[in-house]
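Just so it is clear, A, B, C, D, E, F, G and H label the chains in written order, and each chain counts residues from 1 on its own.
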Amino acid sequence: MDRKTLRTILTGVRAGRVPVDDAIDRLRGKALDDLGFATLDLDRALRRGFPEVVFGEGKSVEQIVEIVRHLSRAKQTALITRVGPDVYRAVERHFPAAVHHEQARLIVLRSGRVGTRRPGIVVMTAGTSDIGVAEEAAVTAEVMGNRVTRVVDVGIAGIHRLLAHKKALMSARVIVVIAGMEGALPSVVAGLTDCPVIGVPTSTGYGEGGKGRAALLAMLCSCASGLTVVNIDNGFGAGYAAALINRRR
Amino acid sequence: MDRKTLRTILTGVRAGRVPVDDAIDRLRGKALDDLGFATLDLDRALRRGFPEVVFGEGKSVEQIVEIVRHLSRAKQTALITRVGPDVYRAVERHFPAAVHHEQARLIVLRSGRVGTRRPGIVVMTAGTSDIGVAEEAAVTAEVMGNRVTRVVDVGIAGIHRLLAHKKALMSARVIVVIAGMEGALPSVVAGLTDCPVIGVPTSTGYGEGGKGRAALLAMLCSCASGLTVVNIDNGFGAGYAAALINRRR
Amino acid sequence: MDRKTLRTILTGVRAGRVPVDDAIDRLRGKALDDLGFATLDLDRALRRGFPEVVFGEGKSVEQIVEIVRHLSRAKQTALITRVGPDVYRAVERHFPAAVHHEQARLIVLRSGRVGTRRPGIVVMTAGTSDIGVAEEAAVTAEVMGNRVTRVVDVGIAGIHRLLAHKKALMSARVIVVIAGMEGALPSVVAGLTDCPVIGVPTSTGYGEGGKGRAALLAMLCSCASGLTVVNIDNGFGAGYAAALINRRR
Amino acid sequence: MDRKTLRTILTGVRAGRVPVDDAIDRLRGKALDDLGFATLDLDRALRRGFPEVVFGEGKSVEQIVEIVRHLSRAKQTALITRVGPDVYRAVERHFPAAVHHEQARLIVLRSGRVGTRRPGIVVMTAGTSDIGVAEEAAVTAEVMGNRVTRVVDVGIAGIHRLLAHKKALMSARVIVVIAGMEGALPSVVAGLTDCPVIGVPTSTGYGEGGKGRAALLAMLCSCASGLTVVNIDNGFGAGYAAALINRRR
Amino acid sequence: MDRKTLRTILTGVRAGRVPVDDAIDRLRGKALDDLGFATLDLDRALRRGFPEVVFGEGKSVEQIVEIVRHLSRAKQTALITRVGPDVYRAVERHFPAAVHHEQARLIVLRSGRVGTRRPGIVVMTAGTSDIGVAEEAAVTAEVMGNRVTRVVDVGIAGIHRLLAHKKALMSARVIVVIAGMEGALPSVVAGLTDCPVIGVPTSTGYGEGGKGRAALLAMLCSCASGLTVVNIDNGFGAGYAAALINRRR
Amino acid sequence: MDRKTLRTILTGVRAGRVPVDDAIDRLRGKALDDLGFATLDLDRALRRGFPEVVFGEGKSVEQIVEIVRHLSRAKQTALITRVGPDVYRAVERHFPAAVHHEQARLIVLRSGRVGTRRPGIVVMTAGTSDIGVAEEAAVTAEVMGNRVTRVVDVGIAGIHRLLAHKKALMSARVIVVIAGMEGALPSVVAGLTDCPVIGVPTSTGYGEGGKGRAALLAMLCSCASGLTVVNIDNGFGAGYAAALINRRR
Amino acid sequence: MDRKTLRTILTGVRAGRVPVDDAIDRLRGKALDDLGFATLDLDRALRRGFPEVVFGEGKSVEQIVEIVRHLSRAKQTALITRVGPDVYRAVERHFPAAVHHEQARLIVLRSGRVGTRRPGIVVMTAGTSDIGVAEEAAVTAEVMGNRVTRVVDVGIAGIHRLLAHKKALMSARVIVVIAGMEGALPSVVAGLTDCPVIGVPTSTGYGEGGKGRAALLAMLCSCASGLTVVNIDNGFGAGYAAALINRRR
Amino acid sequence: MDRKTLRTILTGVRAGRVPVDDAIDRLRGKALDDLGFATLDLDRALRRGFPEVVFGEGKSVEQIVEIVRHLSRAKQTALITRVGPDVYRAVERHFPAAVHHEQARLIVLRSGRVGTRRPGIVVMTAGTSDIGVAEEAAVTAEVMGNRVTRVVDVGIAGIHRLLAHKKALMSARVIVVIAGMEGALPSVVAGLTDCPVIGVPTSTGYGEGGKGRAALLAMLCSCASGLTVVNIDNGFGAGYAAALINRRR
């Protein structure tokens, strides 16, 4: 609770405009409000275009619909992650404006119009099978108000493909690099640019180190400076962090 | 090689001012130059105050001194990581201006004066034993031109300690959170703020999940959005990434 | 075999009332009886309302029905864990009084009426997807004679949600905290109260540390005192231990 | 902040006795106080005889001495874990009343006299080499006001040794069982009693599963109900949890 | 090739009865025969009643039928492991004498009559869900000419159940103990007897250490002497080794 | 770009035959071409009969068909790995000349006729269930212009079977050895020959070390010199490397 | 307690020769005795020449000396494992008859003379660095009354070395095979003989799978029948099990 | 034993020149000789210049000196791996011609003069700290008759450094690439060339994936074709395999 609100209440009390018991209720409520970061987040979200995120995995269709209804009433943009077509069909029945990003396995239900989008985020994949995770990152960042440049299939086995996109790399303010197998692309990209790079290992690949483990370890052990990492297949987390980095303040 | 330089060479060839063989040499050299990102980095580094980083671990004292000599001649600021007092003594003998950050296990040899530092970076630790890694992060960011706010020993066992620093949290543009054991602090911090958070697991703790493994996994699996991670004890990497995020462009 | 029983047998032998061979049989039997802790448990169970537990996983429907029949005859309350609707249908056919706790995946067949329940146990979850495991814990404790307070979805990403339940926390005698992903909630709760906390990691989450591993390690490595742990998804074990702790003696 | 304190402040404001700005400071401060669980803990500690715990590992001797000085002034009993003779010598120089429990690697500096100790805790080891961890558990529980029964070297290779202590087992209110190697003893004990059992794996043993890993997994996977676990060698955690369980409320 | 056979060939050569080229063929063949341990095994098998083992897993139904046909012609008893009803139906169509051990997932096709069986092998399980693996061990040993005593569901949570079978334990010449979860039963049994014990971990149990890992490690780290181990669920291997141990020579 | 091409362009510029802007385009293009190793590979491939490889796993049928169409137009031989019958049916519809190697899970679409094949490669398996991976290796090497000798089911449990193929071993120029379970065959083979041996662990086997892990580790830790390893089930990689080794230059 | 002893006591009671209280004491004592397997072991040990084993690791020198003194008085042969020269010097001072097996890291203090030793045990190593563990196995078996044939350095890189010992293999009744690195020797040996083989992985080797892990997994996953395994470097366990197998009964 | 030798013996027998018993001895001996691959290796070694390799790790200085003496007498070149200065001093005392390669931790004692060396092998490192392992590979290949081109410190953080060595890459017949941390260099190199590449992960780096694990997994999971791998730090193995590949036959 900020100083100004407190002053308003207290001067109301002194002036007799605000009964003591009402003030107690508000202060106690507000004492919690002061900790109520979700509430603050809500303000921030409405003002800045951040969506409220619903992790779809492990929730029933009914639970998801109920949460979306709640957010919809609060005029919140809802971003539902890790859901398939069945969830979409259920959500769409109640909220026809909901949009399904199938590759990204996301549903977006916007409140209000989309404003201008900030450029500066590049989302890049090493291979074709990383595109689903890349879309999860890109759509997340887009919903949060960013314009995203996509660069796909530029893995290290053909470095010239990457270099052909040097201009995009050089003008980026943050780059999300998605890679499975040996996971080397984020390191190479971080060596080529001077903006923050977020590595996302993907669960492609088999055998020892498969399912994203080799890629994750390679990114954690990278010799390139300026690289941070999210968990395997966590496109949402990378897109969200990229959006935070790309915000102007 | 940009269009303009190419045109200069080629019109020189046409005009007969530039012999064909000279042009070949320059074009072949430049073709390589066009890839020469280290050279570009060097320019960037000089212009923007980025240091050249020398990973000290696994290098002999002689090798380190030799590299520093090379950087010193190139008027580069050198940042040497993961070194102890013995390396410092050897470096100091040749470069008395070198500064030893003992807790951070870093040596810094600046070229030129330190300019104004950008505020915006907070480095925070969960416990007392995380301070060495935190200093590695903080000094790295400082050498890269940032002013760093340090907040120590605010682990989740006493959440009020963290909340007492809410103001610092709220005004940060990027927060580096260092935590060992169960590694929960970065998740809590990322839940409280809307700026990017970089988690650094530390190798404190013993038993199953000890040596930083539990902390790393907890950060990778965090339910809080906007959190990215570097490897266990990698204070340097977190500080470097924070500095990239905090740059104005 | 206690001193008194022995004396009865032996004085019977001396008086000729008990033939030597009968005494031998009883003493040898009793020597075993002296180890027969299941028998003692049976007594305890009947007297104190503890159920006999049948681990459903890995047993055929027929085996389960047979065991329940056996317990039913012995006037034992039966608690069958980790079973789905198909097992329930088979059990219900023979024992219509059996109750299916679907989310908890438990079947309970009570013998006798339910007595007054002891308050003191709180079962709490970090997220929505932890509720199944929480119900396994809560129903187990209830079957063992406790009244359970449930607090759901108070994970560390919104700490104010947890604090709103401070009163429940403060009046608890033992708290079971269920959490997946980074598994930090049990540590935070243990830091807030001075009663024993039992952490239950759940197999939510994906990637490195997924399937409950990060949560388990975080709980094992917790910096909070007074926290003990059971295996991933072991709601039954946590509920049983909580019931033992909450017993008055 | 309770209702009554709030009313006092607010009626003071209405009456003009309390200036608005003073009230703001107190309300904001108290909002934080309302979260100040460490403060509450402190009260609890003083009132109930709980020690303030200092994890010695990873702290310098100077840091430890400074913390003890702080606690000593606050009339707190200090319990310092995981320290060797060198730390003790430094602490003793400043606080001659400090007591060194060498096998347990603990230092205790009491404030005030020791009151009557509650019986009910049994600490038991499978082997001779588990005694150090057992002492860490036992002394911790003793410092917290309990009387501890020690039973050593009763591992499953000679089950009769365990059975000889059946009486101690049967009268316990909580049992801490320390075991390395295959870690089976806690399961056997939990099968024999109906009180809560806390298993502590120890880092004895070599090869695959050595360093406590086999023991930890065996305890997590135990088929016996009522068993909870702490991390490898975490005698302190087990003793602390046992003390919380054994408290009367 | 034994001395006698060689002498027969060579004296045949000297006498002119055996052409040199025939002798070369036979000697080269036999030189291989001398290494041909499978051949020796064949002799042994026929003479001693050892079956020829076909690992069914990873082989097509056609391949299995073909191999059985081959063994059948060679008058070998065939033991096919890890196969389901579909394989059995195919084998039975060609070899109506084949017997399906469904719980053991084995098919046996005997050549010749079954002789007297050697007593001395006990196969024991900790739980009900270990019975499939136990049957694999028991049937394997039976096919190899042993009489097997089965003892089931005598896990350590009710030690008296085990002790009731002390006589069987004491008269055994080798004991195979099957256990999942914490895998403690083989250690307890090895502590009670002075005959070799073979531990078989089973893949029952879930969470950390589940799928047999805790049980395997517990058996490898056992404090009991005289215990050896086979891989998780390897009932066949344990039964085979027990049969080798129980042979009289 | 080689010296000669550069000279042609530049003398064209000097002579006025090549406009400056055309030269700029070509040089910039070529500067990239100079890095364009895929292009060089293309040349090499056409000239030497190397196929262009398409990793089928994680790609949709449509993507695969599109890539094959592209390669087909470029007169490239296409090798598609890790695909099942459904992909084959789709590919065959558009390219009837495509050949399905079912066990190897490969599709080959040749451009031009097959030339003479170089002998020298032996592909060997320890067991029957390794044949699929072996075919992947063998067909890959064949498509790259080699004649492959196959030796199957010569695992170490019957060493004479291996020795019967000594001649094939001795005349090989590179041997690919496929083995699951304990993975010892590559070590034995490397001990018997003096040509390079490539070990391929396969995911046969169960329990601890199953799914190829024991075999991979055994090959990495081999005491035999001259053995290199590829990942579990990576028959393609082994066949490709063998073909590179077997090339004459 | 056997029937006969019971009858003696009870008829004594009936005849009035044995007071009831005496009988109670004896029966209660015996009830425990009936479980007192250590006592039975003691009898067996004295009668059959089994040593009492003291695991030296993790015990202080004083503890070891005390235990040896105890065993010495009981006329028991003591076998102390995993001890260095310092322990030996202390033991020797009190028990000059103690013998130090330095490579095996064992101390043996015999009671009574050594009887005839049973032949039948072969202990074999793959390499030179496995000899320490082999000696631990061999000496253990010798102390238990066996004559041990040693075969060293016959690893699979030179299979002919193994075959030169075929006679020893063929006449063995149980073979202990010690191997590090890829751990293939036990599998090869088990394929060559029809007696039980006990594999002992050793902690030689480095990198992934080093420290005995590859060897252990290879032995657990062996395709050879009749092989059982003990933990890494557990020569004692293998020697003890071999001695149990080699006993005549 | 070849056909010709057999014929000689047998016709000798027929002619009576060779007594039957002599023939038996020779045939039985030869049957073993036919397996005597070490003997064949010896011939090969002498003829082709292959050294006899002595793994120094885990052998005593005395054992090493004894083996070298044996090889020296047999006119074999000896290559001793993984030894420090102390072993060298002992070897040098007896064999002054021995050469110590300190960085490579190898000792070489040549027999005869060094012949012409075959070019074709490139040994390349990603970083400065990989040079020790690189020297182990390079010296091994040199002792086996190759000329080795060394390229150091060309890791992926500065790809232009690698490209500057394109000529060396393109003319290589086999390339050994040594890399720690994220281990990406072998993949990049394999993508640039069409000769076999052997990756050697090194144990540089810390945290999760440190000690070479990330590098090993990255190499095993590489998306580049033609890459095979040896274990962490196994420079010897890579150099040996490279020499086998580079042999002309």
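Just so it is clear, a contact is a pair of C-beta atoms (placed from the backbone, for glycine too) under 8 Å apart; a residue touches a chain by one contact, two chains touch by 3 or more.
Predicted model only: the values in this text are computed from it and were never measured.
Colleague: Matching D-E on over half of contact pairs, by residue number: which of F-G, A-F or E-H?
Modeller: Matching pair: F-G.
Colleague: From the C-alpha centre of chain F to that of chain H, how far is it in Å?
Modeller: Distance between chain centres: 24 Å.
Colleague: Can you give the whole-Å distance between the Cα centres of chain A and chain C?
Modeller: 40
Colleague: When the C-alpha atoms of chain D and chain F are each averaged to a single point, how far apart are the two points in Å?
Modeller: 60
Colleague: Which parts of chain G, given as residue numbers and ranges, touch two or more other chains?
Modeller: In chain G, residues 35, 37, 127, 158-159, 163, 191-192, 207-210, 213, 216, 220-221, 223, 231 touch at least two other chains, as defined above.
Colleague: Which chains touch which?
Modeller: Inter-chain contacts occur between A-B, A-C, A-D, A-F, A-H, B-C, B-D, B-F, B-H, C-D, C-E, C-G, D-E, D-G, E-F, E-G, E-H, F-G, F-H, G-H.
Colleague: Under the touch definition given earlier, write down the residues of chain E that touch chain F in their complex.
Modeller: Going through chain E, the ones touching chain F are 32, 35-38, 55, 57-59, 63, 201, 203, 212-213, 216, 231-234.
Colleague: Name, in rising order, each residue of chain E that touches chain C in their complex.
Modeller: Residue list for chain E touching chain C: 127-129, 158-161, 163-164, 204, 206-210.
Colleague: Which of the residues in chain E end up touching chain H in this complex?
Modeller: Per the stated touch rule, the residues are 1, 3, 6-7, 10-11, 13-14, 16, 20, 23-24, 27-28, 31, 34-35.
Colleague: Using the touch definition from the top, list the residues of chain G that touch chain F in their complex.
Modeller: 126-127, 155-159, 181-184, 187-188, 190-192, 205, 207-210, 213-224
Colleague: Quick one: which bits of chain G touch chain E in the complex? Just the residue numbers, please.
Modeller: Residue list for chain G touching chain E: 35, 37, 41, 44, 48, 50, 53, 55, 163, 173-174, 191-192, 194-196, 198, 216, 220-221, 223, 225-231, 236-238, 240-241, 244-245, 249.
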